[in-house]
Amino acid sequence: QDKITVLLDWFVNPDHGPVIIAREQGFFAEQNLEVEVIAPADPSSPPKMVAAGQADLAISYQPQLHLQIHEGLPLQRVGTLIATPLNCLLVLAEGPVQSPADLKGRKVGFSVGGIEEAMLGQILATHGLELADIEMVNVNWSMSPALMSGQVDAVIGAFRNFELTQMEIEGRPGRCFYVEEEGLPPYDELIYVANKNTMDADKIRRFLAATEKATQFIINHPVESWEVFAGTAPELNDALNKRAWTLTLPRFALRPTAMDVGRYARFEAFLYDAGLIPTLNPVSEIAIDVTAQ
Amino acid sequence: MIRVRYALMVALFAPLLWQGVIWLTDVPAFILPSPWRVAQAAWINRALITQHSLVTATEVAAGLAVGAILGTVTAVLLALSARAHRMVMPLLVFTQSLPVFALAPILTLWFGYGLASKVVIAVLIIYFPVTSAFYDGLTRVPADILDMAKTMGATKFQTMRRIKIPHALPSLGTGLKLAAVYAPIGAVIGEWVGASQGLGYLMLLANGRAKTDLMFASLLALAIMTLVLHLAVGRASARLQRPEQP
Amino acid sequence: MTSPPNDRRVTPPVIRLRGSYRIGAEILFGPVDITLGAGQWTCILGRSGVGKSTLLRVIAGLDCAGDFDGSLHVSDAVTLAGRVSLMAQSDLLLPWLTVLENTVLGAQLRGEQPDIGRAQRLLARIGLRDHTHKKPGALSGGMRQRTALARTLMEDRPVALLDEPFSALDASTRADMQELAAEMLQGKTVLLVTHDPAEAVRLGHRIIVLKPRGVQHWPTPVSKPVRDQYAPQTIACQADLLAHLRGTG
Amino acid sequence: MIRVRYALMVALFAPLLWQGVIWLTDVPAFILPSPWRVAQAAWINRALITQHSLVTATEVAAGLAVGAILGTVTAVLLALSARAHRMVMPLLVFTQSLPVFALAPILTLWFGYGLASKVVIAVLIIYFPVTSAFYDGLTRVPADILDMAKTMGATKFQTMRRIKIPHALPSLGTGLKLAAVYAPIGAVIGEWVGASQGLGYLMLLANGRAKTDLMFASLLALAIMTLVLHLAVGRASARLQRPEQP
Amino acid sequence: MTSPPNDRRVTPPVIRLRGSYRIGAEILFGPVDITLGAGQWTCILGRSGVGKSTLLRVIAGLDCAGDFDGSLHVSDAVTLAGRVSLMAQSDLLLPWLTVLENTVLGAQLRGEQPDIGRAQRLLARIGLRDHTHKKPGALSGGMRQRTALARTLMEDRPVALLDEPFSALDASTRADMQELAAEMLQGKTVLLVTHDPAEAVRLGHRIIVLKPRGVQHWPTPVSKPVRDQYAPQTIACQADLLAHLRGTG
């Protein structure tokens, strides 16, 4: 069996369904792969580790990948895990903010990832506001508590499949403004990245084939797959994860290896316009179709 | 034993204080759950917490041992040469002032995601208080005793071994007690940097998924571990100093 | 291998100290011209604070608060380093070591094998046979001072500098310790600071009274130390010295 | 002054060491950039770094002052009563063992996202070493001196003021020097927990944008700040102890 | 408001101590029966380590390593607390205070206004006029002891316990200090531990020799202290006492 090491973007959660199910159902073994799954706490570190050759694959975010490539990290997207944005602008359902336009003069919390200002700027521009009209506060480790306790009026960077559910469970329902509906080009929230210089395309193809099979299994057997997932660790088996599982299902990429050149070109252009990157990279730099090689 | 009575009083007093804070400040439960809810969560998840506590305890024990030894040795070396101290101490302060999270990628690059990186982080955190406190003690031997040693033709090494080190044991005790409190934090930070087990992992997981009560139950386990460690190190270092110090 | 007769490590030297001692701009004592005869006991008396302990430290080559302007001349070499044993005015016992361990401290600090047997015998003679395993905290003042004396005598160096070594002892123990020290430091160059004229007259080959403006050499009886303290000559000398010290200060 | 020569040597030596580590271990630049690149980033972003440094420096100064005062006062109160010590010390260790991140939501809820919450976190971090080290010193006054005070009919308060506190100043110095090193870390953690300015914020931002050289330039600014603070506190506490201690 | 004549804070009491002192299973000294006469000086002599300092601590009510089986009887009250000033065998100067500050320490520790003028006068008489602002680290051994004496005399309590207060002083200074102490402690109940028979004979209303098995009361000359040290009676008593101490130990 070939060994392959995969760094998740964070602790195990339903977003990682295809990887966990593929492992539990033996789809990796079918591909003659032995997969080691590692969960870090700092989402910015897995891509660096892959770039440094410490792991074969990392789960990361498309927006960050664009920035990292410009900073010289030898990374490339090789597959997609979640094919839509999960990010949203979250407010209290009963709160004073009923439209992004109501944010004028209010506080918006964010967890520093590097591009929140650009995203929020675009959303505000869609509603005729600009960044100077609001106050941004980094609330790093506690997005929903900050919102629920009224310390901020909105947060950007919350995941629609989690924070929203979480607030419902806590009895303070929230409301999402979906970023792709507020002026941002759609993008892939979670992608697989590999080191473009050292990647073993064949192993990666086999890995992605296994996750593709797992995704199909999840879609076809949502209840059974949840039971498999929840059975892997007792701390995963709770009401929140169960509901999140259902909410995440439709967002898994059914074709993990599928390549949409336009998506990457549009987002690169968006970042360029926002002044976050100095030049435009060709899509072939950013992402590849491993099956084409 | 009196200690036990005090421990019981604290065990009773702390939750009351905690509940009092909740009543007074009206903190919502998703930020600070009541002691009762945390106790429930701790009981329900007892197997989980025990399992993760054992992992963290191992890391803490290893980190404390290695950090204490490294710190002690460094302090002795620095005390052997004032020049070494003036050159190395700034470097130590320098490295110490770097928040561990910033070094995390480097550490995981070198030490991987296993036990080693947690131990290294715990060591990094406790190394400095041990070195610093012990060094201070080593350099505070009264001058007339050093004069006597000089007249006797003492070697530098023997002066260190027979005079300075015994003299500085109480200061080492101060450093070790601080280390006992910081070692668990070090291990937990190490687990945040990358791990799939341990109390730190459990905490972040619980926090990220709004299980505030489970998070606080894990915190409780961590605090109890720290308390026991502090008490044990305090006793051990009191024994170390039994011969009355000047 | 036997040492040659004038091996510097064992032969007691003549020591001559000339000059004066300043603290800041003020002169503490001097100019003095003091010669410590080879193999002899030189006793120094003087007012409290006149600089006796300072003088000892100058000879031992230790740093002091002030500066010594002058010269320290040693008969057989340029320096005394490594040939002096010093018993300071305070006992300087290490509180974490037992009496026995404090006694053999010198050898241990030099990384040598301590002669435990000799230390035990010495402690027995000094009256601490039953206390060798006590820590200094469990000793009386006099017992502490005797331990410090034992530590100094264990050193066995050609030069011994003793700063009021018997001040905390009762008359009987003091007499015993004087005899012991005289015996064990036989043939060494010894400087003894004392406040007791009887002690100086009993033990000193020479007696020197240190004064701010210089030193006064006090005549000693013709007999050899250790002198019989009840001999008329000794008593007379002692009474004269006492009267002198009381009178002139 | 000799200090300056050493400082220069360290300033020369540290980058060499750093570059050496890079050559030896072959760390890629996006994990540990070369000193040269960091220096460039520091120069290019000097305005930005200075501005954020000033914010952090304010937090550190306030935190250090408040923490030192609180720690000193606590140590004195605990030393006044052995019973208070046995009851309160476990509570202190308990709270100290809680990683700040866990308390962050509570702290920001109570103290907001401004200066106050950073100062509180810095205080939380340095409070314990100061208390612990000073307390140790306060309880180590030789018994015969306390006997003397007792015979003289000393009041508890005056014994504390005239004997125990002066006696424990070197230990307080040890605690303060540790505090000087930890206060900046406290402020930075406070900034990670919630802020829109300060070196901690700048670091997070740089890290998120994969600008490792800017992150290390911020780290450098933090380290220099810590170094200066440590030196200053070291000197101040040496002056504090000038009257020779027993 | 004037104090009534038998105000406990100022009238010296008679103190009687009966019993024996044990460390662990062993008896250190006793049984003893010691009476300190009101307003009198009682001098205690005895071998090093026999328990003189321990006896002092028992009377002062301080904890010791062993236990005292017996009774401490005070003529006018049940306790001595607050009426004792104690000068221990080591000087116990606080190194961070100046000579003057160390001298007025007692008042400061009680939170009272220290009488600086009196302290200055006392320090002048004690020969430290030019050293009042020095720290103990800059003093000679004898100067430290004199500072401790000044601190004890400043206390002005009806009972004074002095443990070898003059041991580090030269003959001249010692005589001066004896006279000063005798004058300032006039009419107080004083216990003086000393190794110097001359000192005991000069100062003591009573002289007691402490021995492991009990105490021996030594007759004093009929004259009153402070006695003329050159009077034949004094000299004879002194010589007898010395011979006794040397002989029996």
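Chains: A, B, C, D and E, in written order; residue numbering restarts at 1 for each.
Basically, a contact is a pair of C-beta atoms (placed from the backbone, for glycine too) under 8 Å apart; a residue touches a chain by one contact, two chains touch by 3 or more.
As the structure is a prediction and not an experimental result, all values here were calculated from the model.
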| item | value |
| --- | --- |
| Chains touching both chain C and chain E | none |
| Topological distance between chain C and chain D, in contact steps | 2 |
| Chain pair bearing the highest count of C-beta contacts | B-D |
| Inter-chain centre distance, chain B versus chain E - centres from mean C-alpha coordinates, in Å | 50 |
| Between chain B and chain A, distance of the C-alpha-averaged centres to the nearest whole Å | 36 |
| Sequence positions of chain E contacting 2 or more other chains | 90 |
| Residues of chain D whose C-beta touches two or more other chains | 27, 31, 101, 105, 109, 192, 207, 245-246 |
| Shared interface positions of chain A, touching two or more other chains | 48, 52, 141-142, 145, 149 |
| Interchain contacts, given as pairs of chains that touch | A-B, A-D, B-C, B-D, C-E, D-E |
| Residues of chain E defined as touching chain C within the complex | 45-49, 51-53, 65, 89-90, 127, 138-143, 146, 163-164, 167-175, 195-197, 242, 245-247, 249 |
| Complex contact set, residues of chain A against chain B | 10-13, 37-42, 45, 48-49, 52, 54, 141-142, 144-145, 148-149, 162, 166, 169-170, 234-235, 238, 240-241 |
| Residue ranges of chain D in contact with chain B within the complex | 2-3, 6-7, 9-10, 13-14, 17, 25, 27, 31-32, 86-87, 90-91, 93-94, 96-99, 101-102, 105-106, 109-110, 128-129, 132-133, 136, 140, 142, 170-171, 173-174, 177-178, 181, 184-185, 188-189, 192, 200, 203, 207, 215-216, 219, 222-223, 225-227, 230, 245-246 |
| Chain D to chain A touching residues, read off their complex | 27-31, 101, 104-105, 108-109, 112-113, 191-196, 201, 204-205, 207-212 |
| Chain E contact footprint on chain D (complex, rising order) | 144-145, 147-155, 157-159, 162-163, 166-167, 169, 243-246 |
